[in-house]
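My questions will all concern the structure given below.
Per-chain numbering from 1; labels A, B, C and D assigned in written order.
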Amino acid sequence: MTTTGEPAPAHDAPVMMAVAMSRLLHDGETVFHGVASPLPMVATLLAKQLQAPGLVYLNITGSVDPRPERLPVSTVDPALLRGTRSLVTLTDLFDLASRGRLDVAFLSGAQIDQQGRINLSVIGDFARPKVRLPGGAGSAALMPSARRVILWRTKHDRRSFVDRLDFVTAAGNVDRVVTPLCVFVRRDGRLEVESIHPGVAPDHLQAQTGFAIAVDASTAVTPVPTAEELVMLALIDPDRVIDSEFAIG
Amino acid sequence: MIDKQTTMAAAIAAVPDGAILALGGNTLHRGPFAAVHELVRQRKRGLELVKTAGAYDVDLLCGTGCAAAVSAGFVGFETLYGLAPSYRREVEQGRVLAKEHACYSVIAGLRAAIQGVPFMPIAGMLGSDLPAARGFQTVRDPYTGDGVVVIPALMPDVAIVHVQEADRTGNARIYGTRFEDLLMVRAARHVILTTERLVDGVTFEAMPESVAISGFMVDAVVEAPGGAWPGGCAGLYDFDAEYLAAYIAANKDVDSFNQFVTERILDAEPMLAAR
Amino acid sequence: MIDKQTTMAAAIAAVPDGAILALGGNTLHRGPFAAVHELVRQRKRGLELVKTAGAYDVDLLCGTGCAAAVSAGFVGFETLYGLAPSYRREVEQGRVLAKEHACYSVIAGLRAAIQGVPFMPIAGMLGSDLPAARGFQTVRDPYTGDGVVVIPALMPDVAIVHVQEADRTGNARIYGTRFEDLLMVRAARHVILTTERLVDGVTFEAMPESVAISGFMVDAVVEAPGGAWPGGCAGLYDFDAEYLAAYIAANKDVDSFNQFVTERILDAEPMLAAR
Amino acid sequence: MTTTGEPAPAHDAPVMMAVAMSRLLHDGETVFHGVASPLPMVATLLAKQLQAPGLVYLNITGSVDPRPERLPVSTVDPALLRGTRSLVTLTDLFDLASRGRLDVAFLSGAQIDQQGRINLSVIGDFARPKVRLPGGAGSAALMPSARRVILWRTKHDRRSFVDRLDFVTAAGNVDRVVTPLCVFVRRDGRLEVESIHPGVAPDHLQAQTGFAIAVDASTAVTPVPTAEELVMLALIDPDRVIDSEFAIG
């Protein structure tokens, strides 16, 4: 566990990811995350404390701009209701996206391909899968309707970043993909490395990625978390709830 | 106004084998888990479960052979415990049919049922393999000529919803998130409420705006303190991490799973979480 | 959270001529009538009004030349004062287009806008001449082959809703009936709230379940005590029978109508009903 | 104005209609009325005090089984909220009907034809009417979807009961039509006189009706209001709000 105020080591992937995701949010945007989303929860709360105070923070509990006292590991937890002044429903949030009024949705995938499409459904055949995954939750609806989709995935390996998805659970308006190794940006419908995290070797990144990417010593490096980001992050998530995403498969 | 109070056993006896069954709540939060335990005790078979995001409830009903199909957008224990082990196993072995939805398509199907129409158009879904895999059709908009995916009506035979406060006629308050519960109550043919506490409905007259569920849409009311356990119930108790960890661990093989179900559900006093 | 408080004049200045304008409330109850008076003062033109059941608001905007079309299920003064005199006259003389709806078809159109889909299927409507007269199309259900009437999306450019209590960021409580206000707030591109009283939003944190409108869906908040007058506002005041009788009487000819509007609306202090 | 407990004279049409409408409601039914509906309001409250205590009374205010202290002339009035323990919306009520769960809807028409179809839209041409009527409110949606529709009309003349509607605003599941002169029942898709109100001459009824009806001295007579009905009615509607329906066009 990191301590307050110290620069994160390059390998502190949870912190690097939370900060990188947070920086992608702009003031005034409406931002949503769903179940199983500790990193988006922390990233959004962080952005709201830093560059995006007017961001509207929405989540699956239907709270609006909550100020949680403690961060829950389950991102459906009523701890995310604290401080909200109104309640909407998940239905409202899907509707909001559907009519083009949701700026950012955070989504993830067990598999992600070079087009930024995701699979959260099955490994193997859909009807008789080798592995039944949890399902895409809202992603098939949100990925084409949210204005920007930010994907995150806490594993960056060739089983996650694949040449071919076993099943396309969802496809759509992916803008960025944040991983423990890099940030991808989607240009002309394809993921490109926008920045490589400090200390990650370009060869390693290529080797861990199942599709061709352009990465070398000239690739931009993701700026390390600033002291301000780290201090605020430690205040927001003192118990390191973000680590829970790295604990399981 | 009709007194609809009954026992958990009697309320759940009204759920027929093969029913399309909607379960309120979301993942580990305010789900009608005491009612789910009673479904297990009564050895229901062939249920088709409807939920946007399920966890313990869906997993247990799959693992105990109660469920034959699951219409849901997500089934798992979030980052807490990962994949839903029984659901995963039963689907992979072909005993449970995963009718995967997009959460919003569950909502769309319920909306169609509520509105008495055969289908509901839905935004999004473009580029996904789900419409083809699930047989969701596209219709041409007669006004613009554009195609739009439509979801068939999804009318639960029974919905079970757990609330914090209800009167004997089925008027109910929900504190915190309502999830898709209000859609389920409207869409289902038969509605069972389980409630942390029964209150005198007269108290609702001072602020009917705060009453989430209208009694005339409800068929049975069961007093069930701790009725969301081992899940949590907003304002009252958190989910039971110890129990859930033990449940996940017990899923390592069939024997330990069966032993867990026998000891902690079938033979147990219907457990009331302390709060 | 953004402070959205503004003046009535500034809020209404944002309503462009030709706008599709949804008005909250129903007949003489909790309609945004102070805002309607301001629309008259600002001499808006070409408005298309959207309401399930309108009365004074729709009638006045027709009589003063502000409205060019009315999408509503009902326009009248109920059994109190009968038909809506200005609405009737302007439609009969071809200056206002009556886009008659079935109340539920207004709701269906708003729902389609809310859900980002081009149309909404609707039950009922069989045997009615309205679908043919209004051009409502029928679509074949791809699942059953049955035909179902579909209503095109109805997205207001602006919705104006009057509430009893709001904070400066647009979170609002409605006491009593909500009518179609929550649909209008979601469907419209731009939302103006007028409120009997402004309150500190912190007070909503104790019971967010009682807050009907989420501030992030609102663009402007106007403090307007008596803002539903000459209609009524639940819990605060009844409609003003004397004023409304005088309004109806003034409709006997154009001169008396114009005199009434000049004296009681244009030249009047924006009237605040005493309570 | 009538006084409590006395049998209504045959010509007390508001009372006769309220009682006749009330008798058509059964215990346990869900019953709805909309705007401009004092008679259905009173009839439903009366039925709930007499033969149908378990009736669910729904109205356009979204109250459920209210116990109003005073009866409003506008049937959208918040006076109809008193005593309700929950609130639904008009949308909920239409939905309820649409999915086949609304037992009774009270509706009216400016014109009614022999099939029980109604016109509340226009006299003359729809696009350029001679008279623009208020519109059918919910009737086009409710008439085909409510299980039973009870029509009422406070004028019984040849301009109201017509051979041919100027416009069919709504058609559907009409069960009964209650007027100041009689009760119609719909059988095989056509209105027939079920009972003629006491004191109404068969000739008069035929003369006032714009379509052919079978009515003669053998036609059943609507039972006069009972003392119990009259007492209860006077308690429910002491100010005779029902008369407001007869005051205007």
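Following the convention adopted for this analysis, a residue touches a chain if its C-beta (ideal position, glycine included) is under 8 Å from a C-beta of that chain, and two chains touch if they have at least 3 such contacts.
All figures in this text were calculated on a predicted structure; none of them were measured in a lab.
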{"item": "Interchain contact steps from chain B to chain C (minimum; 1 if touching)", "value": "1"}
{"item": "Centre-of-Cα separation between chain D and chain A, whole angstrom", "value": "59"}
{"item": "Between chain D and chain C, distance of the C-alpha-averaged centres to the nearest whole Å", "value": "27"}
{"item": "CA centroid of chain A to CA centroid of chain C, Å", "value": "41"}
{"item": "Two or more partner chains touched - positions in chain A", "value": "63, 81, 87, 97-99, 145"}
{"item": "Overlap residues in chain C, where contacts from two or more other chains coincide", "value": "115-117, 122-123, 176, 209"}
{"item": "Arrangement of touching chains [line / ring / star / complete / other]", "value": "other"}
{"item": "Chain-to-chain touches, reported pairwise for every pair that qualifies", "value": "A-B, A-C, B-C, B-D, C-D"}
{"item": "Residue ranges of chain C touching chain A (in the complex, touch as defined)", "value": "1-2, 113-117, 167, 169, 171, 186, 201-202, 204-205, 208-209, 211, 213-216"}
{"item": "Footprint of chain A on chain B - complex, ascending", "value": "26-29, 52-53, 72-76, 78-84, 87-88, 91-92, 94, 98, 100-105, 107, 122-130, 133, 176-180, 182-183, 232, 234-235, 238-239"}
{"item": "Chain B-touching residues of chain C, taken from the complex the two chains share", "value": "112, 115-123, 137-144, 146, 148, 150, 152, 173-176, 207, 209-210, 212"}
{"item": "Chain D residues within the chain C interface of the complex", "value": "34-36, 38, 60-63, 73-78, 81, 87, 89-91, 94, 97-99, 117, 121, 126-145, 167-172, 244-245, 247-249"}
{"item": "Complex contacts: residues of chain D adjacent to chain B", "value": "30, 54, 56, 58, 63-65, 81, 83-88, 92, 95-100, 145"}
